[in-house]
Every structure is written in C-alpha cells, then in structure tokens.
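In the two complexes that follow, subunit A is the common piece, with subunit B as its partner first and subunit C second.
Right, the complex of A and B next:
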C-alpha cells in the first residue's frame, strides 16, 4: 500500500513542541498523535495553521466506561501529505471542557458547538457558544453520551424560543424564510437582515433534519451500516457509502480487490456527473434561463438511467459492500454504457455552450455571491465552493483512495469565487469525470469484486476520506467489538461550507439568494445527520 | 436565440407517452422481492440480512409468524441473496402504492421443527385488499382527477426529515421525460395553494411542528401522500430520540408509496391514487383556499 506524496507531517510532528512530546502512531492513511490533556490545543492549532494546515473535522467520543475519559479529536489536513493528522486530546470526565480554537480557526466553529451539544463538554472561550445541533427548545440532553439510550422518548417540543442576533440600524428589517421552503428542497431556516434590497446579515438555523444517524450507527450490525451510510445524504449515496466501506477496510487492514477499486472510481464519478449537470441547470433556472434547465434535467435523467443500466439503481445504491462491490460491473454492459456516455458528452457540451453564450445569464452570474479566497481559507471551505475561491484541494489527487492512486485527476481552480465560477468548476469537473471514467473502464481488470472483511480488532479506529461531488467527506469509526461500531463520525462537506453562504450573500440582494444558495447546493441532511 | 431553437429542434420530443403503462426498467434493475411462502424453509436468514427489519420472524413453540413489510423495505435485494433455496427472488415489478398501511404487510404462519426450519405453511400469506393493477388504477384515477379538480392538481412537497433521495426522484417528475405538468399536476410554493401534501422522510422532532402547520394551512379537501420507506415507517433510520415517527404518526395519510427512494413511476402512481380519494367537490373548493382550519 505505498502511495505517492511527500510526508509533511513527519517533520511537522518534530517541529511542534507539544506534538513532538506526544505518543504517535502511523498508518498508511493517518498520523495519530495522542495527548494526555487538551491544554496545549491552542498552541498546537496556531503552529499548524502557520504551517499551512487546515482543520477538516473536530469531534469527540465518550470512552468513560472503558478508559475513564472523553476524547476530543482534531482532524488536520495538509496538501503535502497524503495522510491526515488525527490529534486526540484526553478530556477528563471530572473537568469536561477543552480550550476552543474557533477564534484561530473559524473552520472549527460549528463543530466545537456540535461537540458541546452532543457530549455536554464545553468549548472554553468559544466566541459564540450557543447551541447549533440541538435546537434551543430541546431539554438538556446529550444524545451521543453512552448512557443516553437511542430510543429515549423526549417530551414534545413547544414553541420555538430561538433568539437571533439583532441587526440594528435605520430601515433594517428581517425576512425569515423556512424551514419549509417554496421548492422541492430540504428544510432549513434563513433569517435575513436587510436594509432596502441588500442583505446585511444572514443567520442560518439548520439541523431540522437531524435524525440521530451517528447514534444509529452504534446500534446497527456492521453489515448493515453501509445502507445507513448511503442515506446520510441521498444525492451522495455512493460518496458516503464509499467512505463508510473504506473506513471499515482501513480498520481491518485490507484493500478491496482491483476490480472493485477501479469500479468504484467509475461509480463515484457517475454520481458527480449527474449532480453537477443538475446544478448547472438549476443555476440557469434561478436567473430565468428555463430552457437550459430543461436540457439539464433531461441530461440528468439520462445519467440516472445509465446508473441503473450499469448498477441496477438510479442513485447507485446497494452495490457497495465493505471489502469491495456486491457484484462485479458487467463487462458486457460496459461497452454500450461508454457509447452512451459519448452522446451524453456531446449534449452536455452544447448545454454548457448554451449557458456560456447567453450574455444576460453570464451577466447575472458574474460577481454575484462572491466568496473571496482569503475568507474561503479562513473558513476551511472545501470542494466545489473552495475550488471556485482559490482553495486548490481535492481528496482524489491529494489523498488518493482506491483506483485514484495513479489516475491524477485534473482539478479546476479559480480565484473569482462568484456564482459563475462555482458553475464553471462544475462544468469542467464533469468533463474530467468523463475522462476518468474512460480511463478507469479501460483498465478495469476482471476478477472478484469482493474480499471478505476480516474480523476488526475491538477498539480499532480508522479514518477515511472521499472526494464526493460536493467535496471532502470524512468518516471516522471506532469498532465496538460486539458486531457494532462504538462511534461513527460523519463529516459531510456541507458542514464545512454553510458559513460560506453567510459571507457570500452579504451585500447581495435577496432575489439573488436562490441562485447563490444553489451555486453552493449544500446538503441539509448531510449536515444535520 | 437561433442556437436555443436549433438545440431544441435537434433534441426533438423526449417525453414518455405513458410513464406508468410503458414502465420498462433496464435488465440490471434490482426489482422487488417476492416470496414463495409455501417453499420457504428458513425465513431467519432473510430476516438477518434485512437492514431495516422489513422481514421479521417470531417463534412461539413449534409455530412461527413471518412478516414482510414493504413499508420498511429499501429494495436492496439482501433477502434474495441470503435465501439459498430460492424462495425469495427479485421480480421485475413494482410494489404498488397502498391506500392502507396494513396493505403493505404480508404475514404467514408456519410449523417449525426443532432446528427452526419451517416444515409446513399453516396459513397465509395474508394481506389487506390488494390494489388493482397499475394500469387499471392509473386509467380510473386519471378520470377522477379530471372530474374533481378540473384537470389540475396542486402539490406541496414537504421534506419532513428526508435524506434528499426522494427529492431527487420528485425532481425527476418535472423533467421533460416525465413532464408531470401535462397531467395537470404541478408542485406549488405554498400549502395554501395545494390540494395535496407529498411528505418524505421520517418526521424528525425538529420538523413535526412545521409539518403540522403546513398540513393545517392546506385547505380542505386535501390528500396526503407519504413517500418512501422513511415516510411510511422510519425506514433505515428507525425510530430514535430524534425521530418523531412515520408521517401517519403526525398527520392522516391517504396513500403510501414504497421505495427507497420510490421511482418516478411509483410516485406518479401514488399521486394519482390519492386523487381518487379526494372528496367530491363541494361549494367553495377553490375559494376556500387560504382558510385555516
């Protein structure tokens, strides 16, 4: 399992004082540092940020029963290391608190607040320590604690006491939107403060679709987890399903057989294509170019049908298994499939030309909803939105998994950060996905598609990373040893990216919000879990 | 402008004449699990393989009750894979939407031996009244739409906690291939303009109130369609601290559309079936819009 890439974390671990002194463990996918306490967390964060690291995920687990401790984890990414750095801080149950790094690394903001809600351990010095994941009118429970039963019946909610921050000034008024929206969209609440037409301040309230997914994983047999993973975010079934399988495979120390590793590339790129094609059309609709959307939804339907012809499922569900794919991709179906992709590509190119040639459409998209690169960097924005704002990140290239080792995807990056360039990132990525599929299909070996998953040691942990169509998906698991997971942390790229919308909307007018929102197209279900 | 026209002409007509009648998925389609109850020897294997608990086995002495619940089924095919004797197979047909929750549940009684193997089918499979064939119902119901609603039906979609998979397929209904609007059916922005609520997802604690308010804001007569395994039963998420329950735990439901997610054909069928249940028009059907109950 040798992989390309230099090893930035090896030297970095020696340079940063508290890390150098800590216990350390290395796997092909992770560098793990274990710290006895969280006192040095801010010093470590400052040093890591100085050296170009990004905080990708922050979470906790409850190990009081086994190790008399909570653990807090920072998952850190650096482009020059193909592994992720996973720093584990011990948090004593007698003093359930840790120093916040949200002022230094705004990317940690929501995830630290989430940790407070789920575990009742406090992020000391957090600039906005209010609840984020559990709504204000929930009773004082912490559902991810081990002594909180999954089937607890909580008293019914009454009223809705959430208090938004005030925006004060002459002529300022509020426009509340949601949680039930006007279109066929997921639920969330947007609280706009506007002065005349321009938006001064947007506050988000999400987690309406919170359905106990991380806790549910702890109660599902290992063999069934992949189905739940496929439903974390319905339009990213394959991305999340794959992250789940990879985490189990890493924990077991195996790789899927070559056929599955290459086959997974084809399927992950198919998911990217059908979603990107739909988003491009939706962006056009939101500025009134409806005919482009008709073509786009038609092309998406073509792709959903191709998905089904190849895998039996329009949303690519039910094919993944820990250890590979449930059955091999049928070689006889591959040739006609590739032919249909050719005609898709022709039509797709003319759709993009149609939109790009429309001056009035381009005029509406250019400089709308701009997210400057500096802000994208501070907020830790990933995926499509990050790449449109100068963040040259792609898990497929920087932390290659499965068949991507050796494929070297080309990653489009722009610095403008507006709606137009979020659209362009998508339109270029679709073309790249098509060529990745062709490359993968050409080298798709015959042979078994599934390796048996060996017994995973009780207490073993693993991190997996996948570039889903929205961006970086991270799954972190700890095996329980009872045929269940003890903890499953799911980080959808949307969790990183929601704050970007707050920045991008400022100074824009409310009528442009739909197109700005659509240009990010974040997952509510993936965020809320 | 000329380019736009040329592209449309080149594309030609893509709309499917009768999506339900001409339903013909590709050979790879996974299909619907069907059970040969008389030949079934050990339902425990299928039950263990089922990720949502749609197949359950309850032993009492020398007898066993086997239940199959299409309202929980996510159509993964795990039961067919796990059943060596071939009593479970994936058939190329859709499980049709149902008017009653119980119509999605099959149950059978067996005699079992000391190894837990089913030796004799005592009774069943029993199920509530079966719905008619997909084509017949489609035709009958289309007439009802025309009669009652003057050729139009307005639907408000409510995501009550869905993973967004059902929404992907609902969007598909609006694409030029399915083109829902030609049936006089369209999705509207406000419940006050709606004749029907189409609800997806297990109803989360955080959305229960929003769903109730939306339902109250929809003028009578109204129909409710619960779409997808989660809306019918909680599906893969199960019932947990964050989930209030299935849609019919919160508001009355007229039609249940199984699937994970249901295919566009199933959704269309469910919508048409629900319309047949709307009460005949009474005075003020249109003008009553906007009144709260």
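Right, the complex of A and C next:
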C-alpha cells in the first residue's frame, strides 16, 4: 500500500517551529500533527501559506467525555504531497476559544464560523464572527456538542432570521431574492444591494436545508454510513459515498480489490459526465439559448439510462460498500455500454460546438462573473470554479485514490475565471472523463469486488479525499468503537466555493446573476448538511 | 354607419379570438424547433379560461392603480388594434386617429402597467418597470421613424391611407427605404413584445425579467386581461408590420371572394412574420441587458436611414 510521489510535508514539518516540536504520525494518506494548544495556530498558518499550502477544511470535535478536550482540526493540502496534513489543536473546555486564521486564510472564514455555531467555541479575532450555519434567530444552542441530544426539540424560533449589513448611498436599494425560488432549486437567500442594475454588494444566507447530517452520523453503524453519505448531496451521491468508503478503508488500513478500484473510477467519471452535461445546458438556458439546453438535457438523460444499464441505478446509488463495490461490474454489459459511449461523445461534441459557435451566447458568457485567480487562491476555491480561475487543483492527479493511481488525468486550467471558462472547464472535463472511462474499462480486471472490512481500532481517525464533479470532497471520520461512528466531518466543495459568488458578482449587473450562479452550480444541501 | 360598427365589432372579435392562437402557435413552433413536443397551440385559450375562473391575491400595499391597470391596458390595446387595417385597407376606427394614436394608445397601456408594477412596492416590479421604460424610451423613436418613412411616401399618417396609397404598387416594399424601415420595425416588434434577444418570455428567473417582472403580482382574471392584452399587442404590431409594408393583399373592393382571399393572405402574412420571430428566438441567446440599447440604437439608425433615403430617392 505504498504510494509514490514527493513528500513536501516531511521537510515542511521540520521547517515550521511549532509543528517540528509537536507529536506527529504518518499514514499513506495523512500526516497528523498533534498540538497541545492552539496558541501557535496563526504562526503555523502563516508559515504554511508562505510555503504554498491551502486550507482545505477546518472543523472541530467534542472529546470532553473521553479526553476532557475539544479538538480543532486544520486540514492542509499541498500539491507536492500526495498526503493531506491534518493538524489537531487541543482546546481546553475551560477556555473554549482558539485564534482565528480567517484574516490570513480567508478560506477558513465560513468553516471557523460554522465551528463557533455548532460547538460554541469562539474564533478569537475573527473579522466577521457573525453566525453562518445557524440563523440569527436560533437560541444559543450548539447542536454538535455530545450533550445536545439528537432528538432535542427547540421552542419555535422568533425574531429576524437574518441580520444584514447595511449598504448606504444615494439610489441604493435592496433586492431580496429567496429563500424560495422559482423553478426546482433548493432554498437560499440572496440579499442584493444595487444601484440601478449594477450590484454593489451581495450577502448570502444559506443553511436552510441544514439537516444535522454530521450529527446523524454519530452512533451510526460503520457500514450504514455510506447510505447517509450518498444523500448528502443528491447529485454527488457516488462522490460522497466513495469518500465515505475510502475514509473507512483508510481507517481499517485496507484497499478495495483491484476490480472495485478500477470500477469506482468508471462510476465516478459517469457521475461527472451527467452533471457536467446538465450544467452546460443550464448555463445556456440562463442566457436564453434554450435549444442548447434541449440537447444537453437529452444527453444527460442518455447518460442516466447508460448508468442504469450498466449498474441498475440511474443516479449511481447503492453501488458502494466500505471495502469495494457491492457487486462487480458486469463484463457482458460493459462492451455495449462502451459502444453507446461513442455515440454519446459524438453528440456531446456537437452540443459544445453549437454553444461555442453561437456568438450571442458567447457574448453573454465572456467576461461575465469574473473571479480573478488571486481571489480564488485566497478564498481556497476548488474544483471546476477553481480551475477556471487558475487554481490548478485536482485530487485525482495530486492525491490519487483508487484506480486513479495508475491513470494520469489531464486537468484543464484557465486563468480568465469568467462564466465562459467555467463552462469550458466542464466541456473539456467531460471529454477527459470519457477517455478515463475507456482506459479504466480496458484494464478492468476480473475478480472479487469486495474485501471484508476488518475491525477498526476504537478511536481511530481517517481522512479521505475524492474529486467529485464539483471539486474536492473530504470525509473525516472517527470510529467510536462498538462498530459505530463517533464523528463524521463532511466537506463538500460547495462549502469552499460559495463565498466566490459574492466576489464574482462584483461589477456585474443583477440580471446576469442567475447565469453566474449557475456557472458555479453549488450544492445547497451539501453545504448545509 | 352600420357598416363601420359591424367592421369594428368584427375586427375586435378577430383580434380577441385570434391573438391567443398566434401566441400559442409561436410557442408550439419554438418547442418543435427545440426538439420538444410543447403544448398545443390552443393552450393560451385554456390558460385564459383557467385564469378567468380563478380567485385573485391582491397585495395589501396595492392602490386603485393596481386595480385599474389591467382594464386600461386591455382597452387601450384593443382600441389600438381597431386603428390598424387588418383584412380591409380601411381600419374600422380610422376617422378617430392615425398611426400616432395607435402608438400612443399602446404607450398609455405600458405606462399604466409600469405604474401598477411600482404600486405594489415589490423589488421585482420596480426592476421590471425601470427596464421596460428604458427600453420603451429607445424603441419608440425607432418605431416612429419607421412609421414616418411609410407615412411620408403616402402623404398621411392614417394607416388606412398609408396602406391604400401603396396597393397598386406591388413591388414598393423592395425600395431601400421600405426595407430599412421594415427591419427597424421588426427589431422594435421584438423589443415591444418581450421576445429574445430583448426579453425572455419563457424564463422563470425573476432577476432577468422585464415584462414578466412587472406582472408578477397579478393573478386570476386581472392576469388574464394582461396576458390577453400582450397577445393582442403582439398581433397588432405584427399586423402593422405586415400591412404597412406589404399592403397589396388587402381587400379594397367589396365581395365575398375578395374578402376571403384577403383574409387568408392576411393570416398567411402574420404566420410568416411569426415564423421569423420564432427563428430569431431559437437561434439567439438573450442579450445582456446593457446591450439592448445598442440593438435599439441600430433600429433607430435604420429608421433614420430609411427616412433619409425616402427624401433622397422619393421612397420608390
């Protein structure tokens, strides 16, 4: 189970003083550093950012019962190391606070506030410490604390759900949009301050679909978590399911058998294809080029039917199990499937040509909703949106998992950062996904699809990373013993990327907001959890 | 006198009964071009019937303007329709006003709709009103220049006279001034009827709407009146386009066969123009809102060129 690749974190750990002094643990997937307190957090963050690291996730854990402490975790990524660096800070329950790093690493902004809301641990020195995950009219409860019962019933909420910042100026007025929108999309509240048509300031309020998923994972039997993971975000059921299985496999120290490892590549790329095709059509719809959407919808449906023919599930659900795939992929179905993929590719290419050749469409998309690379880097933007804004990140290439260890995915990266290039990242990724599927199918070995999951040590933790179609998905688990989970932290790429919309709308007019939003197409459910 | 009344009643009925079908046909044709089956062309009738039978939700903040607007819009639009020649060269109410009256009756309707949208105090209504007024202010001069081009040749602003003056000259519509004016008026038609590339009649995105944003607060019978007026207005503008520039199919002599063939040719012209609208809507994306003034400036310049070339070449 050795993984090739350079090891940037080994030298980096030695260079950064507080990390060098800390206890350290290394696995093929993670470098773990344990710090006795959070006082050095800002110094560490500054040093890591200097050396090109990215803060991928920040979260907390309530271990008061077992170890009389809260733990705060920073998950750090570096392109030159296949592993992730997981820094654990002890936060004393008597002084529930930690120094904020949001000024240095704006990527941590929402996740630190989320930690405040859910655990009641204060992020000291946070530039904007208002609530994000719980709305402003919630009583002072902290649902992810272990002593908050999952079936607690709160009194009816009263008062204003949101307190907005004021935008003052001559001719400035507010346009509140949502949380309920026209069409079948999820709820989110957008509060625009506009002067005429140009948008001056946008404030987002999400977490309307907060379902307490992370709370729900607690005490779930280890093998059942995958079902819940599949429904974290409906359009990423395979991506989240896979991330969850990988986390358990890493904790158990096993790998899925070769057939499953290659098969998972095929399935993950199928999910990417059907979602990207739908998104390309949706972007065209939002600028009124409906004919392209008709074709895109047709192609998406074609893909969903192919999914069903190959696996029995249109949305690729119920296929995963910790330790591999529930059933092997049927070799007899694979050949006709690949043939149909050929005709899909032909039609897909003509769809892309239809959009690229439409001057009126390109005129709408070019220079609209630009997210400059510098801002994308600061905000830690990942996935499709990141790659359109110069962030050359892809978990499949930088931190390969499963079958990707043998494949070298080509990653399209642009620096323009506008709607057009977010669409182009998608249109090129679909073609790459098709060739990955072919390559994977060619080397798909016979054999079992499932390894038994051995006993996992009580208290063991593990992190996994998957490049879902939106971007980097992280699952971090702790085994509670007695075959049940103690904590599962889920980071959907949408959580990183929502703040990007606020930046991308700057300098644009309000009627262009829908297409800008659609070009990111972030998950509400995955963010709200 | 009886003939005029009969004519007015018949033309009123024609507009009322046929305009939803025209909207429906455009919708169906668009769906077919988008590889969808789409609703039946009769769907607008069902929608109107459904809305007329429904109850209404009226915003608490609404004043009487909100209640008056649907009726003002409906009656001005219908009245404007009676000032345009459809099957006959003479319009039923031509003695009451010319093409200027027609344009400003439509303008009055639009004014009230914009007022009603502001009246409710909703953010979307305000956005719709401001966008509609911006576009109207630019579309109107282009429309007037195009109309004056024809009026100048005919020596009258009465659409009936304008049509009659041209009946003998079948090929007049190929004159450069006429072609320019026709194009200008076609662009204005797209803007005034809320079509792509100016507005998207099929969108659900409130932030991008123009016409739809203004009527978001309406429901039930009042919404039906407004939707119906929109269909009538579209038919009136298409009629103007068809009959001012290609008038030689109009019936000038009495007699059943002449009237029937004129009616058939009138419908054919409307269908052809509607087909052109469908093609434009299917092959184009909606323009960025701030590009719309550029499009309308093009229409204005075309109109101005049409007028100049009328003076230079005498419009022949």
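Everything that follows uses one rule, which is that the second predicted complex is superposed on the first by the 526 of 529 C-alpha atoms of A that agree within 3 Å, B and C clash if a C-alpha of one lies under 4 Å from a C-alpha of the other, contacts with A are read in each partner's own complex, and residues count from 1 in each chain.
We adopt the following convention: contacts are C-beta pairs under 8 Å (C-beta built on N, C-alpha and C of every residue); 3 or more make two chains touch, one makes a residue touch a chain.
Just so we're clear, the structure is a prediction, and the values are computed from it rather than from any experiment.
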(request) Examine A:116 and indicate which partner it touches, taking first as subunit B and second as subunit C; both and neither are also allowed. (result) neither
(message) For A:298, using the defined touch cut-off, is the partner it touches subunit B, subunit C, both, or neither? Pick first, second, both or neither.
(response) both
(request) Count the residues of subunit A touched by subunit B and by subunit C, then name the partner with the higher count. (result) B
(request) Could you tell me if A:360 is touching subunit B, subunit C, both of them or neither one (first, second, both, neither)? (result) second
(request) With the two complexes superposed on chain A, say which partner A:102 touches: subunit B (first), subunit C (second), both, or neither. (result) neither
(request) Return first, second, both or neither, reflecting whether A:173 touches subunit B, subunit C, both chains, or no partner chain. (result) second
(message) Per the contact definition in the header, classify A:182: touching subunit B only (first), subunit C only (second), both, or neither.
(response) both
(message) So in the superposed three-chain picture, is A:494 touching just subunit B, just subunit C, both, or none of them (first/second/both/neither)?
(response) neither
(request) Examine A:464 and indicate which partner it touches, taking first as subunit B and second as subunit C; both and neither are also allowed. (result) neither
(message) Just checking: does A:527 make contact with subunit B only, subunit C only, both, or neither of them? Give me first, second, both or neither.
(response) neither
(message) Considering only the contact definition stated at the top, list the common interface residues of subunit A for subunit B and subunit C.
(response) 182-183, 291, 294-295, 298
(request) Report the residues of subunit A in contact with subunit B in the complex, numbered from low to high. (result) 135, 138, 141, 143, 148-154, 156-157, 160, 179-180, 182-187, 207-213, 215-216, 219-220, 223-224, 227-228, 231-235, 237, 278, 291, 294-295, 297-298, 300-301, 304-305, 308-315, 317-318, 330, 333, 347, 350, 353-354, 357, 523-525
(request) Quick one: which bits of subunit A touch subunit C in the complex? Just the residue numbers, please. (result) 173-177, 182-183, 196-197, 284, 286-291, 294-295, 298, 358, 360-361, 363-364, 368, 509-514
(message) Quick check: in the complex, which residue numbers of subunit B touch subunit A?
(response) 3-4, 7-8, 11, 14, 25-26, 28-30, 49, 51-52, 74-77, 157-172, 174-178, 187, 189-191, 201-202, 204-210, 214, 235-243, 260-261, 263
(message) Going by the contact rule set out above, which residues of subunit C touch subunit A in the complex?
(response) 30, 33-36, 123-124, 126-127, 130, 196-197, 200, 202-208, 282-291
